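Order of writing sets the chain letters: A, B, C and D. Residues in each chain are counted from 1.
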Amino acid sequence: MDFGLVELSAEDRALQSEIRAFLAEIFTPDVFQHEHETGSGFNPKVYEALGARGWLYPELPVEQGGAGFTPVQKRIMELELIRQDARVMMMQGTSSLPMAAVRKYMDPAVADPILKECAAGRAVMCLGYSEPDGGSDIANAKVRAVQDGDMWTINGSKMWTTGAHISTYTFLITRTDPEAPKHKGITMILVPLKSEGVTIQAIRTFSGERTNIVYYEDVQVHDSMRVGGVNNGWTVLHGPLDEEHSIGLDMNGGLTDVSVGTGMCRVLGASMNEVASWAHKATGSKGQLLADDIRVRESLGAAMVDYEAGISTPGPMGRVKASDVLVKNAAALQDLVGTVGLLPMNTEGSIGNGDIEYAHRFAQGTATYGGTVEVFRTIIAQHVLGLPKAQLPGAKVFLAGKKK
Amino acid sequence: MDFGLVELSAEDRALQSEIRAFLAEIFTPDVFQHEHETGSGFNPKVYEALGARGWLYPELPVEQGGAGFTPVQKRIMELELIRQDARVMMMQGTSSLPMAAVRKYMDPAVADPILKECAAGRAVMCLGYSEPDGGSDIANAKVRAVQDGDMWTINGSKMWTTGAHISTYTFLITRTDPEAPKHKGITMILVPLKSEGVTIQAIRTFSGERTNIVYYEDVQVHDSMRVGGVNNGWTVLHGPLDEEHSIGLDMNGGLTDVSVGTGMCRVLGASMNEVASWAHKATGSKGQLLADDIRVRESLGAAMVDYEAGISTPGPMGRVKASDVLVKNAAALQDLVGTVGLLPMNTEGSIGNGDIEYAHRFAQGTATYGGTVEVFRTIIAQHVLGLPKAQLPGAKVFLAGKKK
Amino acid sequence: MDLVELRRNDYTLEEVSQEVLVAFGDFFSDQCPTSLVRASQPLGFDQGLWDRLVEMGTTTMGLPESAGGDGAGMVELALVAEEFGRAIAPAPYIEHIVTSRALAAADNPALVEILAGAADGSRIVALASAPITPGAKQLVPAGAIAKDVLAFVGEDLVLFSVDTPFPHVANQGSTPLAWWDFDSVSQRTVIATGDEALRIYTRAHDERMVLTAAALVGMTEYALGLTVEFTKTRETMGVLIATLQGVAFPLTDIATNIAGARNIARKAAWYLDFSPDERPELPAIALVYASQTATHGTQQAAHLQGGLGFTVENDISMYFLRAKGWGSIAGDPNALLATIGDQVLASVK
Amino acid sequence: MDLVELRRNDYTLEEVSQEVLVAFGDFFSDQCPTSLVRASQPLGFDQGLWDRLVEMGTTTMGLPESAGGDGAGMVELALVAEEFGRAIAPAPYIEHIVTSRALAAADNPALVEILAGAADGSRIVALASAPITPGAKQLVPAGAIAKDVLAFVGEDLVLFSVDTPFPHVANQGSTPLAWWDFDSVSQRTVIATGDEALRIYTRAHDERMVLTAAALVGMTEYALGLTVEFTKTRETMGVLIATLQGVAFPLTDIATNIAGARNIARKAAWYLDFSPDERPELPAIALVYASQTATHGTQQAAHLQGGLGFTVENDISMYFLRAKGWGSIAGDPNALLATIGDQVLASVK
């Protein structure tokens, strides 16, 4: 066990300072404004500036467009990016899943230039998993891909393709054998989103984040863009999915977050910090400083217990816990501060420039991102508790309803 | 709408005083001690004293052993009994269900003497519904009754037959046609528990209440004790069950409780009163009176909101709500008072002579009594929200796992 | 508290109340589709809808006959509030009604003109949430559309009047909130003072809590209905999601909370009408419980529609975003709990 | 609070810790079957088990080498506590260990004999939960079996000693609680005073919170296991109840809470060992969260066995009845929340 501060070498300390200074420079106010307006989780200037230094996927070797960072250096970069703004970096995380599959399963002659573009921040990839009527069952994909010689023809539509409008490629689940059992008839194809026949329609969520429906109409894709074998898509998918859902045994000497929901908890943590700052200045109806008010002290204490629970609960359980505690405490903190907690960014009197108001909206999405909490409870029931599966007519695997 | 105090006639006021004085006389300290020791929900002296005046089922006409009370008078009696001790009167309520069925379906020549004994407090009846492996599905009863001429032979066992050890009769669900669909092969029989072949084994619950397993081994019962038609048990059962589970449209000008869970809420209310009394005397670590402590005030306020919710939620929804709020607040009030909240009746320093400690144990049972809260949620899903039933292999009706 | 009081528990509505419920239910479903709610964002006020509400007699029904009203009681007003909340109507029904009733209760000749304007809907009136402290602005509910705001100052109940309302401040619930700088308002009418002022002010707050509670009940019930329908048509793994206990059980809990919150709101309204000195904690209980019901209920209802429940296009988003705000405007739930607790403590003294 | 601190999050147990976990897990499952727990009710103490615990070295492992101990840290002691809690063992492990460590920390020559008795288990020592106020008795955890109780009086940390422990008072958790009338105890040894007294006392309380948190984790996990097995064999409507979401989802929530509570308890133990001046709120967080986990987890686990979970014969009843009491003895959850909140407030000052 070790929860100590990471002891940095002189070199790492210098790197940390360099990173911090560089990020402070590229995260200009219009980056935040742009994200606030678009909700895309992506900023081309930031991504390209990072990519130019090999800092977008800095753990990759230099020849793959990374910077050959050690685990400690990679962690420094992660935390410094979070210190700036985790929202803008969302597509960085989303891309990393298909990048791993592309690297593993595609012909290097095709894959390498694509991966380099991604590492350079000039391309991102999105996940074409869910479908409009698919619910949580991504293995039930109906988007059809038909092969004719070297070309695939793709028809159908995908839902919740977050980032499609700014991505170069989508990592698409296609149905290639409608007769086979559902897990055995799917193939993964990396589809260039500039292709003819692709139409992208925005879906706005009330946290301000944008996602998309993507329609595919006779879209032509060369067979070289296939990722893994024909009808072997389930295996290919599992690579990234296992990464996303992994129970998270720590392989990095404690340099990764223990809970999948740590990012969600940071939104709660930011709210707590803003409420605490506010309580140091605001006074109650009898003139008492709110930081001395037992109600404020207890509410912050209760939020802190939940925050600690959210970041300490391992793996997929942490994902459920983090969402639960964020939903509960975002509402409780809004109650605590009163009507001013309803005021958003850029309004007179809002707390933490709208952080409390934002957290309450954002919280709702966390119960759905990357699979609803119900889907994860089902996974926990089977894989942690070893409970038998429900014998539902279409059941085989419940997975990931909404992908980032 | 009317939530006013009931205006009593001079006659009713006199009756109220008479009842109150009489009950104060018969509810002697050894009645409470006896209930504390036995957990039977029954006291022969009390029942017979009430029965002798026609006050056990006072709404019945005098010729049926009642007192011909008006609804207002009946309500007076109910509340005065609760003021004494609701626990001792449990079997009064349990008996009333089979009494209704006996009255409706049996030959009056057989039924009338039985009902008179019940009204006189010399006999009570218990419910022989659940079985050891039956879960919530009472229609799946396996206790076998086989007819030979005028006699039935009964074999099998029943679980959760609360009151069997002090009851004269049990209202038994028997399987009389194993080949028929499960709801069409059951028959109700009123079995004298003194019969040869009946063995009663105690089950102790941790609230102190006693219930029983009852074994039937070649028990002989005359056909005149059959309640309703052969294989028509489901219809006979529904009379009392509808009464127990009814949505509770008020037919008495507001003289009944709106929530099925009102009795559970009274246990919460008693705890709240005891905590409030304690807070008027106890002081905190800084010498402050706890009644002035914001934490005590808020916790009692939160409990009061939940209490009001429990008693105001109609019918079976109120049963779920009452159990939820009792479980939650019994724990919260125990936290509030600290370690002394763990001390039971008759120990130095306990609060309300153990009321807080008791409420926390009692609360757990309320989530199971008369059917688990899950069974009731299933009923609410179907009958209030109109949701479709789950297509489970054995599903037809989910009902009443544990009967009082 | 007395656990065995011999009281009636009769929730049966009088025929005339039934008619009010149906009439306003019809009115809002005809006149206030969710498209109108959406179009009125972010201000949360639609003049056309307000005019039609006035035509319906909404602004006069709750005034005493002496003030040209119909003398309806809190029970009827709460029934209207429930339908108002079901439609999340962009109109200052609650603020305006409770404030006009307070003005009428003051029975002050200086108010005749303003009261007439309030009765015919031409002048929207509102109620401050806390006593005025010099130097501090206040967020006033309906303050962006009201020209007259009733507020407590020292020992006095004062009506502050302006020619143009203060500017709207955007907020999660899309309600017409504004920061009022009361210091800058010179037009002030003292309408009551001392005990009378406190009585009128407390009553107005109690009425606001009860009507808000009723509105939150209607709001949550509509949101629940949207999701119940969704779960009856959406499949996963070959079954309707409504048949899964992980979906059905949370829905039953919402329905359970709504049923209780409705009864409490109506009961609290009845006490204000018929027995105002008893159970002084009931309006607070009604508000706290309805707020919990709405916060939890709209959140779960939105969630049980999965990703779709998180989209702006889905009407349920408008319900979720209002649930917390409407409750918050009517009172601070934590502070209310302590005052409710005080009644429990007082009852055993 | 700093949300991006560059710290390790490494929960991997050292090999020696793994061995401690396995050894005590085996010990308790061999030596402390639930039948022994049941037989020791209502006192909650079994002398034979205690003797075997002493033989295992339990009473010396956590003492410093200078006091004849093995110098084990809080991480190891917490691992033992988890197994102790899993067995709900009728022995004063937590009270005795934290009190002996406090006595050893005082390094007072007058304590040599008592410390030797504590180390060989012949003299059970315990810790009062609140400072002594004259005229008021105190409920002392393990006070019915301990002859020596450490308590704070004014500025001093004082060991009160008696020849015969005060009589046991029955309690829901079947723990050896007793009312101590400290006024009547004449044998008193001041073991520390002023800042040092406060430091030792605070540390002992922190240790009690952390060990209790760990014990509650083990307790809840055992109760969960009983119910998981039950749901895998019990059918309703033709399916195993484990396949119903209404059963499976609450079970996953218990498992989730346990996993988090375990990590927090171990982390809090690590901080006490290696970084005691940082994160002073962690012991309280560990206790509050483990108490919530245990209260809710044992309640739900008992409930999901239906009526059977409510019977005295079912072992799960013993777990449910201890969950609240064990937590309550180690600290007042509401008061702890405020002190945790103070750390959040201090972090942004």
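The definition used in the following text is that a residue touches a chain if its C-beta (ideal position, glycine included) is under 8 Å from a C-beta of that chain, and two chains touch if they have at least 3 such contacts.
Just so it is clear, the structure is predicted and the values come from calculations on it, not from any experiment.
**Q** Which chain's centre, taken as the mean of its Cα atoms, is farthest from the centre of subunit A?
**A** B
**Q** Select, from A-C and A-D, the pair of chains that is joined by more C-beta pairs in contact.
**A** Counting C-beta pairs in contact, A-D comes out ahead.
**Q** If you average the CA atoms of subunit A and of subunit D, how far apart do the two points sit, in angstrom?
**A** 39
**Q** CA centre of subunit A versus CA centre of subunit B: separation in Å?
**A** Result: the chain centres lie 52 Å from each other.
**Q** Starting from the mean Cα coordinates of subunit C and subunit D, work out the distance between those two points in Å.
**A** 48
**Q** Where in subunit B do residues touch two or more other chains at once?
**A** 294-295, 298-299, 374, 377
**Q** Mind pulling the residue numbers of subunit C that touch at least two other chains?
**A** 239, 244-247, 249, 334
**Q** State the interface residues of subunit C toward subunit B in the complex, per the touch definition above.
**A** 1, 3-14, 17, 75, 228, 231-232, 239-240, 242-245, 248-249, 251-253, 255-257, 259-261, 263-264, 266-267, 270-271, 274-275, 281-282, 285, 288-289, 292, 334, 336-345, 347-349
**Q** Which stretch or stretches of subunit A touch subunit C in the complex?
**A** Against subunit C, the touching part of subunit A is residues 130, 133, 135-137, 159-160, 203-207, 211, 285, 295, 299, 327, 331, 334-336, 338-344, 347-349, 357, 360-361, 364-365, 367-368, 372, 374, 377, 392-395, 398, 401-402.
**Q** Flag every residue of subunit B that touches subunit C in the complex, lowest number first.
**A** So the residues of subunit B touching subunit C come out as 1-6, 8, 75-76, 79-80, 82-83, 250, 253-258, 266, 269-270, 272-273, 276-277, 279-280, 291, 294, 296-305, 308-310, 312-314, 317-318, 320-321, 374, 377-378, 380-381, 384-391.
**Q** For subunit D, which residues count as touching subunit B in their complex?
**A** Going through subunit D, the ones touching subunit B are 129-130, 137, 139, 169-173, 177, 179, 234-239, 241, 246-247, 295, 299, 302-303, 306-307, 309-313, 317, 320-321, 324-325, 328-329, 332-334.
**Q** Sort out for me which residues of subunit C touch subunit D in the complex.
**A** The contact residues of subunit C facing subunit D are 244-247, 249.
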